[in-house]
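A quick write-up on the structure given underneath.
In this document, chain identifiers A, B and C correspond to the written order of the chains, with residue numbering beginning at 1 in each.
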Amino acid sequence: MTLLFYLASTVALLATLAVITSTHVVHALVYLIVSLLAVAVIFFVLGAPFAAMLEAIVYAGAIMVLFLFVMMMLNLGQTTEQEEREWLHPRTWVGPSVLVLVLLVQLGRVLVGEHTEITPVEVGVRDLSLLLFGPWLLAVELASMLLLGGLIAAYHVAKK
Amino acid sequence: MEAIPYEHGLILAALLFVCGLVGVLTRRNIVFVLLSLEIMLNACGLAFVVGSARWGHAEGQAMFMMILTLAAAEVAVGLGLIIQMYKRFQTVDISVLNEMKG
Amino acid sequence: MAEWLGLLPAFPLAGFLALVLTGGRLPRRSAGIVGVGSVAISFLLALVIAGDYLTGPPEPVTITLWTWMSAGEFAPGISFYLDGLSVVMILIITGVGFLIHLYSTGFMAGDPGFARFFSYMNLFVASMLILVLADNLVLLYLGWEGVGLCSYLLIGFWYDNPANGAAARKAFVVTRVGDTSMAIGLFLLFAELGTLDIQQLLAAAGGQWEIGSGVAVAAAALLLGGAVGKSAQLPLQTWLPDAMAGPTPISALIHAATMVTAGVYLIARTHVLFELAPSVQLLVAIIGLLTLLLAGFTALMQRDIKRILAYSTISQIGYMFLALGVGAWSAAVFHLMTHAFFKALLFLAAGTVILSLHHEHDIFRMGGMRKRLPLAYWSFLIGSAALTALPFTSGFYSKDEILLAALAQPDYGVLLWSGGVLGAFLTAVYSFRLVFVAFFGPMHFRQETEDAHHGPVREIAGISMALPLVVLALLSLVGGFIPVPVEAVFASATQYEEAHPSMLLHGIMIAIPIVGVVLSWLLYGERAHEAGSLRQRMTTLPGAGFLQRLWFNGWYMDALYNALLVRPFVAIARLNRHDLVDQGVTFSSFMAQVGNRLLVLTQTGNLRWYGVSMVAGLVVVLAIGAWI
């Protein structure tokens, strides 16, 4: 289990790095899907099966596919690759990388404290549902309103 | 099952977040910026789930669901905006959006 | 009756408000009725109050209207004090004031600022009444400042001409110097005695201060400074001749009869303080003496008819100061009254002359007007006679009293008396010089245009202008017999001994003015321009030219002040041309603009720049959060 965890983490990291350095849009999307699936595996390992399934089905399956559809619609494959190669000088990476490394160090300092170990206990769908229909009912309703808003906005913004 | 160090999970989430952040700051193609945003959101979700696994309850997963909802709505609207931008400027370079200068 | 004291200044004040609030939209007749009527009512009221006061026992009355302010122990009220001195002053102010207001309805008839003129005049009368009726020095100072303001407004009445504005400013600034001295004197008095109520103050000073003590000398000297400024005495006399730029009625009212006598009134009112400081009292006499001589010589060489009368006023007030300085309080007040009569008469007659000759001021361009301007001629004759103190005129009695009192002064009596007599001689010469040059001799006045578009010279004097002249002429003749009921006021003062000079000295005193008239006739009369005449011989004496210029320019005092005070001040102002203080203030707005321009640089419109700045902010916040 621990090994699986670390393996999946490595895959996720490498795939993410590939996403941000890639020049081809569709390649980047596929790498991202890989990363998301790796994170799903991590969720499984941590004893959160429902979260893992959601990650795989909704995130990787729906959101990324949506992305792909739009990319195919805009036909951004070949035309932008040339541009991307020009834009991605090593020079452009320096500034943000430094800033972000500082942030990483800070996050590390903030997050690292307890040296506990997680003994994964499966927290299944049942527990989650009890939570959602119980104390988190309002949050669910708000989420649904958010989705409604997103729907209307997307429809309106994208039409001619 | 063997135990998984709690901090390593959080560090992983931090690393993924930071990767996404660097992508937002660096890329000039708006599609990649949106992708990097998705990476960041995913990393946050990961952090939540790791936290809930630490304590053994479902609240982190519920939060993860909310984040997922948020990501879905945001991607929908964002892609719509990308379509509009492409229609208007015939490019996905974000430097054409520098209209509000000064 | 005395309860109606509060109404005395109220009527002119109401007149002022009425004229101001209607904004000059009243028809001329109504504005005139309001302006003159308010002062007329005050005069009638003053007569009633005076009659009541004089027929009863001479008890001073204090009427308090309300408390003006109350700050700790300092609580002056709007309270009026009636005694013999106040009675004299209010009668002069409202009586002569009424006559001058009446005259003004004729004089200012063609002026577009008619209503504005009367509003200022009413405000002046109200302020002057407050000044003389005030029970405490704070209220007196209010009236003091009020008359100063009205003087400024009225001197610069014809504001289109910037020279008038300059003259008004000069008057205001010079009297301000005196006012500041007086204010410091008030502070000193309050600090030392704890009260500014005049009667209480005088009693406390008399009780607590020793004669000649430093604080008494300081207080008296500071009050003297104020009086010198307002009464145009040395060294602050430079404003009065320039103040003649205003309309003639105000020269008559403000700069002859009332405002310039405020200084005399102040010293008379606070006479106890001056008695406690004999050195200052002597200084008063010396200032009076020097001023009357200086102004007398200057008046000899002036050409402008109003400037001659202005210097004459300065000289006559010098006589009043001389009287105050030797302790002849009643004599000073008596001379104040008679001077008000004949000087107002002279100024109003001068106004008639000026108006009839279409604003000609130079007497050497007049001449021979005695047939053409009969009323003005007789007014000038009577007025000059009274001014010169020819026997049996009002001026004769008052000046006589002053000179006798001066003679009685223990240390410098003879010197003061001689100076006064010399002054009387000069007065005779210059006042009759005016009469002879303007009214006798060949007519020099614009012969060629006389028939052209103005027609022959005609006297412009309607009933509104003639009546005051006649009344004032009568008063100038018989005013010497009006008793001045101020003995009770000065009863506590140390009485000067009546001097009993020999018949010779008395004879000299009476004869000198007549000698002056004769000399004036010889120099300026009808045969003065013939060859070999006295005038020819005098003007060719060595040094005559220098003296002529010296006296014409007022002993160059204006030039002295200009070099000593005005030029350095202007130079300093020029140093601060760029106004340091203003720059300090605009500096802050400049910094705000700089800051704005700096911050605008962060708004690049560049998306990635915004992202970077957000992350940078996040880093900073986390850093702070982690370390606190």
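Methods note: a contact is a pair of C-beta atoms (placed from the backbone, for glycine too) under 8 Å apart; a residue touches a chain by one contact, two chains touch by 3 or more.
In this text, all values refer to a predicted model and were calculated from it rather than measured experimentally.
*Asks:* Specify the chain most distant from chain C by Cα centroid.
*Replies:* Result for the farthest chain: A.
*Asks:* Count the touching C-beta pairs: is A-C or A-B ahead?
*Replies:* Top pair by contacting C-beta pairs is A-B.
*Asks:* Measuring from the mean C-alpha position of chain B to the mean C-alpha position of chain C, what distance in angstrom results?
*Replies:* 90
*Asks:* Distance between chain A and chain C based on Cα centroids, please, to the nearest Å.
*Replies:* 95
*Asks:* On a C-alpha centroid basis, what's the spacing between chain A and chain B, in Å?
*Replies:* 6
*Asks:* If a residue has to touch 2 or more other chains to count, which residues of chain C qualify?
*Replies:* 612, 615
*Asks:* Touching two or more other chains, which residues of chain B qualify?
*Replies:* Residues 21, 25-26, 28 of chain B each touch two or more of the other chains.
*Asks:* Could you pull out the residues of chain A that touch at least 2 other chains?
*Replies:* 95-96, 99-100, 103, 107
*Asks:* Flag every residue of chain B that touches chain C in the complex, lowest number first.
*Replies:* Listed in rising order, the residues are 21, 24-26, 28, 33, 94-95, 97-102.
*Asks:* Contact residues on chain A for chain B in the complex?
*Replies:* Listed in rising order, the residues of chain A that touch chain B are 1-2, 5-6, 9, 12-13, 16-17, 19-20, 25, 28-29, 32, 35-36, 39, 42-43, 45-48, 50-51, 54-55, 58-59, 62-63, 66-67, 70-71, 73-74, 76, 80, 83-84, 87-88, 92-93, 95-97, 99-101, 103-104, 107-108, 111-121, 123, 127-128, 130-132, 136, 139, 143, 146-147, 149-151, 153-158.
*Asks:* Can you tell me which positions in chain A touch chain C when the two form their complex?
*Replies:* 95-96, 99-100, 102-103, 106-107, 109-110
*Asks:* Which part of chain C faces chain A closely enough to touch in the complex?
*Replies:* Interface residues on chain C, with respect to chain A: 612, 615-616, 618-619, 622-623, 625-626.
*Asks:* Sort out for me which residues of chain B touch chain A in the complex.
*Replies:* Against chain A, chain B makes touches at 1-12, 14-23, 25-29, 31-32, 34-36, 38-39, 42, 45-46, 49-50, 52-54, 56-62, 64-66, 68-77, 79-84, 86, 92-93.
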